[in-house]
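Going in written order, the chains are labelled A, B, C, D and E, and every chain counts its residues from 1.
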Amino acid sequence: MSGHGSGDLRLSSVTKSFESFTAVDDISLTIPQGSFFALLGPSGCGKTTTLRMVAGLEQPTIGTIHIGDADVTSLKPYQRNVNTVFQSYALFPHLNIIDNVAFGLRQRKDGDWKRKAQEALDLVELGHTAKKKPPQLSGGMQQRVALARALVNRPDVLLLDEPLGALDLKLRRQMQIELKRIQSEVGLTFIHVTHDQEEAMTMADTIAVMNGGRIEQLADPATLYEKPASTFVANFLGQSNLLPAEVVSEGGAAENGVVTVRTRDHDDIAVAAEHLPPGIRSVWVGVRPEKLRIGDAGRNRLRGVVTDASFTGVATQYLVRLPWGKELVVVQQNDGSGRLPVGENVTLSWDPGQEFILDQAQDADAGAEIDDE
Amino acid sequence: MSDAAVAVPPPRRRVRRNWVPYALLAPGLLWLVVFFVVPTVSLVSQSLQTGDVFNGYTLTWNVQTYVDALGTYWPQLLRSLVYAGLATVFTLLLGYPLAWFIAHRSGRLKNVLLVLVIAPFFTSFLIRTLAWQTILGNGGLLETTMGALHLTWLLHGFESFLGLVNLGTGNQLLYTPFAVVAGLTYNFLPFMVLPLYANIERLDLRLVEAASDLYATPASAFRRVIWPLSLPGVVAGTLLTFIPATGDYINSVLLGSTQTVMIGQVIDSQFLRVLNYPLAAALSVALMALIITFVTVYVRRAGTEELV
Amino acid sequence: GSKGTNATATGGAKPSAKAATDLSDTDKLVNWSNWPEYIDVAESGGGHPSLEEFTKKLGIKVNYTEDYNDNDEFYAKVRPLLAAGEDTGRDTWCSTDWMVARLIRQGYVQPFDLANIPNHGNVDGSLKDVEFDPGRKYSLPWQSGFAGIAYNPQATGGRKIESVDQLLTDPALKGKVTLLTEMRDTVGLVMMAMGKSIAKFTDADFMAAIDEIKKAKEAGQIKGFTGNEYTKPLASGDTAACIAWTGDVVQLQADNPKLGYVLPSTGCTLWSDNFVIPALAKHKKNAELLINYYYDPAVMAQVVDYVNYISPVQGTKEILTKDDPTVAENQLIFPSADTLSRAQVFRGLSEAEETKYTQAFQSVVTG
Amino acid sequence: MSWLRRHAVRIVGLLVMAYILLPNLVVLAYSFNKPKGRLNITWQEFSLDAWLNPCNSPGICSSVGLSLKIGIIASLTATVLGTLVAFALGRHRFRGRAGTNVLIFMPMATPEVVMGSSLLTLFIALGVGTGQTTILIAHIMFCLSFVVVTVKARIASLDPRLEEAAADLYASPAQAFRRVTLPLVAPGIAAGALLAFSLSFDDYIITNFNASPSSVTFPMYIWGAAQRGVPVQVNVIGSVLFLAAVAFVGIGQLLASGRQRARA
Amino acid sequence: MSGHGSGDLRLSSVTKSFESFTAVDDISLTIPQGSFFALLGPSGCGKTTTLRMVAGLEQPTIGTIHIGDADVTSLKPYQRNVNTVFQSYALFPHLNIIDNVAFGLRQRKDGDWKRKAQEALDLVELGHTAKKKPPQLSGGMQQRVALARALVNRPDVLLLDEPLGALDLKLRRQMQIELKRIQSEVGLTFIHVTHDQEEAMTMADTIAVMNGGRIEQLADPATLYEKPASTFVANFLGQSNLLPAEVVSEGGAAENGVVTVRTRDHDDIAVAAEHLPPGIRSVWVGVRPEKLRIGDAGRNRLRGVVTDASFTGVATQYLVRLPWGKELVVVQQNDGSGRLPVGENVTLSWDPGQEFILDQAQDADAGAEIDDE
């Protein structure tokens, strides 16, 4: 508790190597105090390792970590005002639930620990389990206890390592709201690791997408989704239709802010000039499935055949095969309009500006295939 | 910034990692070094001396003692290993179901049963072993009970069977190798049951369900899942049983006969009666060396080095 | 360790035992180690009446410990202390003759101050001048006894067992015979059965006896070699017949009068366990006063009446004839001259002999 | 038949339990014997005499007292030292770890006569008089290994993430040890201590070498007495100790489950 | 393996009680051979218990279980041709990965176990981990091994207890496709427990929604979603806007198949007559968030104010407060149309027939609140 700072969390050129393997590779970022920051990335990309370094459970091989002005890099975990909700819960099996939650408070000699711990437990709707032991609770309940145990300390930085993974949808949504409420009320800095993208997008102010120990892109959720900086981000966050195309306008010159590119099938597509990275002629034109409308309402049109339709409740997802074989994913909200049968010929359309454009030098499948360590 | 970044050594952690284990070890190991290693070193030196108790000994590096000792007493040494081995197998056969029973089937009685396993120690083992004489002896409890149940034929049948497999004389239970092995088994059962229990209690029964879901009958679930997972407990238990049982001789003295002499008896007699200290020391050193070798190989083979 | 044992490398001339400053007058205490169940016990099971009386009379407390189970074991326990010239914590104990011989030879026991033992003259005539301690300067007997043959008729099918031969070869006894770990008793009885004298024998005689025992053992005749613990299996019938000490069997007969005890016609051993005072004993005088006390025939009678061994003190019989005639008439407790004539005393052994014979005997015991 | 199969473990377990307890039952039975002569060898008749006067056999109760005292001190000391060693072995990688492991096993592999006599030689060389202290030293030494093996097994099953969680919740290493590690390893430590106490309380051979006539332990007393048939009081005291241990835990268990029911 | 049947799986009046607690309460259902069946329901509702009875790991207290014509109720687990992917994986820690996968095959003395196990492992993209031990794999990898271990036996019935819970979205989608492929190729019967509703909806032929040990509704995904039979199902599956209303048409008489109901705010709403349960005048009119369009394109219209907007990538979710205080959830696909700012006055509209109607006697919040045992 001594020597902790309060303020922005700053990682400077942080690298962590385990013997020959580099789990986290030269990460620098600043997380403003009181913001909700999310880390996304495939399994094994270094998310947990990054959190562990912030918590002090792991020493960076290179680099420094500051909270406010204080360099906490070599502070012991118990000297940092940082708490973690562990991916594996790590509840103390010999202590009952209330004592688990009160652990940090009592460690800091908080006289009011009883009331505070009970409150935190009530918050996660587990007030009635205070006297039980961890093994008597279901996985979801244990996860909520872990959450309460960390929250109750009101740390400067709260690290959440997939804190809601074991909860069912309803409960997860409700906990998300609680977390968000606490965060904005108390002004804690949250760093949240999750594999629920919707969770990251709705909750976080800023999201960092990690890949192989590095940060691929760091932005607010909307930018990340609508202007992914790489095919990896485009594919990892939501679904993307990537069409290979060549810029055909002379010198990439724009007409009314629009540039024409040509697909392999010799369809011309108009894209926003501002989206086109300068100096590149071979591009991926990326269109999100929900931007593709069935019908010819948009200016860019492609024809194809429906090969698959699946109902997901809110929406229906179609696969549409283009004449040259490429399959596009199309999502259509179930707002009452009729569903298309498989085999139907359809026109897909969208307007210029709804796309994003990436350099064709990048691998179109990055982030879409399985990526085992 | 990157200059500053490079300069982040975690020196304090390194240092702590180095001295902590030694600090933890120090008091215990010091104790062992002073009160075990020093006497053991002098024991080894004793085994290499010549002379006698009345005129004194000199260190002559006489290895011949070892040759003599092993040449003369290898049968007793071998017998000790065999009896201890048999007892270990029996403690395992009996201890495993008991440990399982206590761990998974005894409900609230668990702690009481655990104490019942260890509580006999509080009644001196000498009295308990003498009680076995009362039970196994002529006209003893067993014979009387079997007689009352008209099962004397069964008892005699068993005695004859023991005679056939060289574990008995064919006409009695007491004072036979069978009685010695049974006594060893009895005396060392708690040493087997406790570590087994500790292991089995932690065993994840869901794995047994998974095996059964994958077509394993109870027998093959045991062989392919439960047994391999209990190995650390089995190894600890067999070591705690086998090692002391090899050097034990009270069971042989009280329940055995002149045909069941174990190496501990020989060492005892050489030490206390013949006063041939070098021979006794040589036999002790040989026994210890044998056991350590055996344990090392065994633990390696069982692949549980880290667990024991 | 070599350090301790090297200190014994005195060899040659008899070393003399060191005396400590005697604390007897200030510290009214005496430490006595003895064999188990070798002293009178109150009917109620409480204490030892003769000891309590001693304390009452002389104001000296007795620390009576029954930790002398076996000569060899006891020797092994105290030898390192004696060899290193340290106090054993005991002021007196009762060792068997041959062990006394060894202790004297090694200079581990102190001569008595006979002035403190005016009753020493009461020692039985036959025990006054023994080979290992002429004139009883270092030792005085506590109890004597025979080693003979005991049997349980229940286990022998009602037959009497009267000879060493039967013990070693009778097929009916196979696996139900115990012999003593006391070499002199066991080998002694066998040698006598082979017609030799144990007061005067050769290496060859000894080894022949050993061979005889070995043969029996290998044939499975011998169940075991025991110390004092032979009594229980004998009483229960697990042991059919054994070599046994008189007093023990007499006591067992109180429970089971059918138990037989025979002094074989070929000869039995006669031995004594003797008080000695070890080097550096802190309460030498008190120990001497204790010995003197027990050399009062009235006191000794009280002990013998209980333990049923042979009294080494003259005048005991007379008292018991009055108080407990059955004991006084028991040949095993108060043997007649005829009975005594069957008994022999094992001759003293040189160090070399002792080592050689013990090794040979032990190689049968633990072979 | 299927009943038999379903209850096989229970049946075998109870039979083995009976095997373990049978001698104690015999001891208990004979504690009610009234020996006709002086020896408690064969069953004569029922009596409560010995139970009414358990200390009646000279020296018996003081020897029990001494054994309890030595057992408690030795097991506590061995448990502390052994637990530390177990933590070092179970939680740290260091140079000499393999050698330490062998050293831990060696005392168990040493025959008791050898250990007893060579220790005595050492004490003499050091000029230490035998007695309670030397018995204690010896007991601590041979109990140590058993404690280490037992505790280490428990430590091996401990989740290191729990200690990290404690550190994350502001517990210094010492505090984390006291509030998390120690309670979790406690059952192993308790088992080790119990084992150590039993071993110490029951040791004869090593004790016999390093004792003095003023320090007669219960096993030494029995050993002497057993040469001639054990006095009934020994059966009484053996049974009392046995029953006390069982009752102690049994009552604790009843109280605990009563508390649990009250809570539920 | 002996005595197993092959064919439809039939549970008849199955009940399971643990002491006083009834975990599964009188369930009867038939699952046709080769179909993909999903079990949904809140934590503790009895899903796992049901699967365990099918697997033979638990004996029903009452009732029978048949596979085809064979009564398997009292068969031991190893005698049933049923395999389970356990919620907790239950991998054998002492066996390496390939031996884990081959366990069942070798148990049945399949001579070709090596090849088959390796194939199954390749299928879950873990071929390269064959020689590793389970603790060396990450949670997601372990889950895939558990999947392979069950699949490789080609059982009559495969029970999946949240088999994809530990996987990130990308991987989960890919595994879903694999599972579906295997199921339709091999014709196994799958029973799938999941808390990912989208997963249940896209994969299952039939879904049973369980609550408190009973089945609340059993139907195909679209029916379940669009015609929930209870407020519990309506709330548990996706989001629902439930408007209390009274039937105003005389005797509930229909005009052109449409009946008018009146909300608390005296707004009249037209609903499809066929949706109206007979004989009921107080109703909940349920409208899914994606059916509500912003603007007045639909026939039923409600006015309100936007109080919250959150971006989830594919869509944006709005909260719109009606004049009488009720907040409605509205989802709008991000198809490029502009986003509404908070505070904007909007009209929400939908057409009659897009609603579902439930009896107002039911609790409007059933299935929406947290439900701890």
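Convention: contacts are C-beta pairs under 8 Å (C-beta built on N, C-alpha and C of every residue); 3 or more make two chains touch, one makes a residue touch a chain.
From a predicted model like this one, the values you see are computed outputs, not experimental measurements.
Under the touch definition stated at the top, chain A and chain B share these contacting partners: D, E.
Shared contact partners of chain D and chain E, listed by label, are A, B.
In this assembly, the chain whose C-alpha centre lies farthest from chain E is C. Note on chain placement: the centre of chain B and the centre of chain E lie 57 Å apart, centres being C-alpha means. Spacing of chain A relative to chain C, judged by their CA centroids, is 92 angstrom. With each centre defined as the average position of its C-alpha atoms, the distance from chain B to chain C rounds to 37 Å.
In terms of their C-alpha centroids, the spacing between chain B and chain D amounts to 16 Å. Residues of chain D in contact with at least two other chains: 117-118, 121-122, 223, 226. Multi-chain contact residues of chain B (touching two or more other chains): 39, 42-43, 46, 130, 134, 271-272.
Chain B contributes residues 17-18, 20-22, 24-25, 27-29, 31-32, 35-40, 42-43, 46, 94-95, 97-98, 100-102, 104-106, 108-109, 111-132, 134-135, 141, 186, 189-191, 194-195, 198-199, 202, 232-233, 236, 239-240, 243-244, 246-247, 263-264, 267-268, 271-272, 280-281, 284, 287-288, 291-292, 295-296, 306-308 to its touches with chain D in the complex. Across the interface of their complex, chain A is touched by residues 42-44, 125-126, 128-129, 138, 140-141, 165-171, 174, 195-198, 201-202, 221-222, 225, 235-238, 288-291, 293, 298, 310-315, 317, 331-336, 350-351, 353-354, 367-368, 370, 372-373 of chain E.
Those residues of chain E lying in contact with chain B across their complex are 1, 55-57, 76-78, 82-84, 86, 88, 90-95, 103-104, 107-108, 149, 153. Listed in rising order, the residues of chain B touching chain E in the complex are 204, 206-207, 209-217, 220-221, 224-225, 228-229, 231. Taken together, the chain D residues at the contact with chain C in this complex read 35-39, 41-42, 44, 49, 53, 56-59, 117-118, 120-122, 124-125, 127, 129-131, 208-209, 211-214, 216, 220-221, 223-229, 231, 233.
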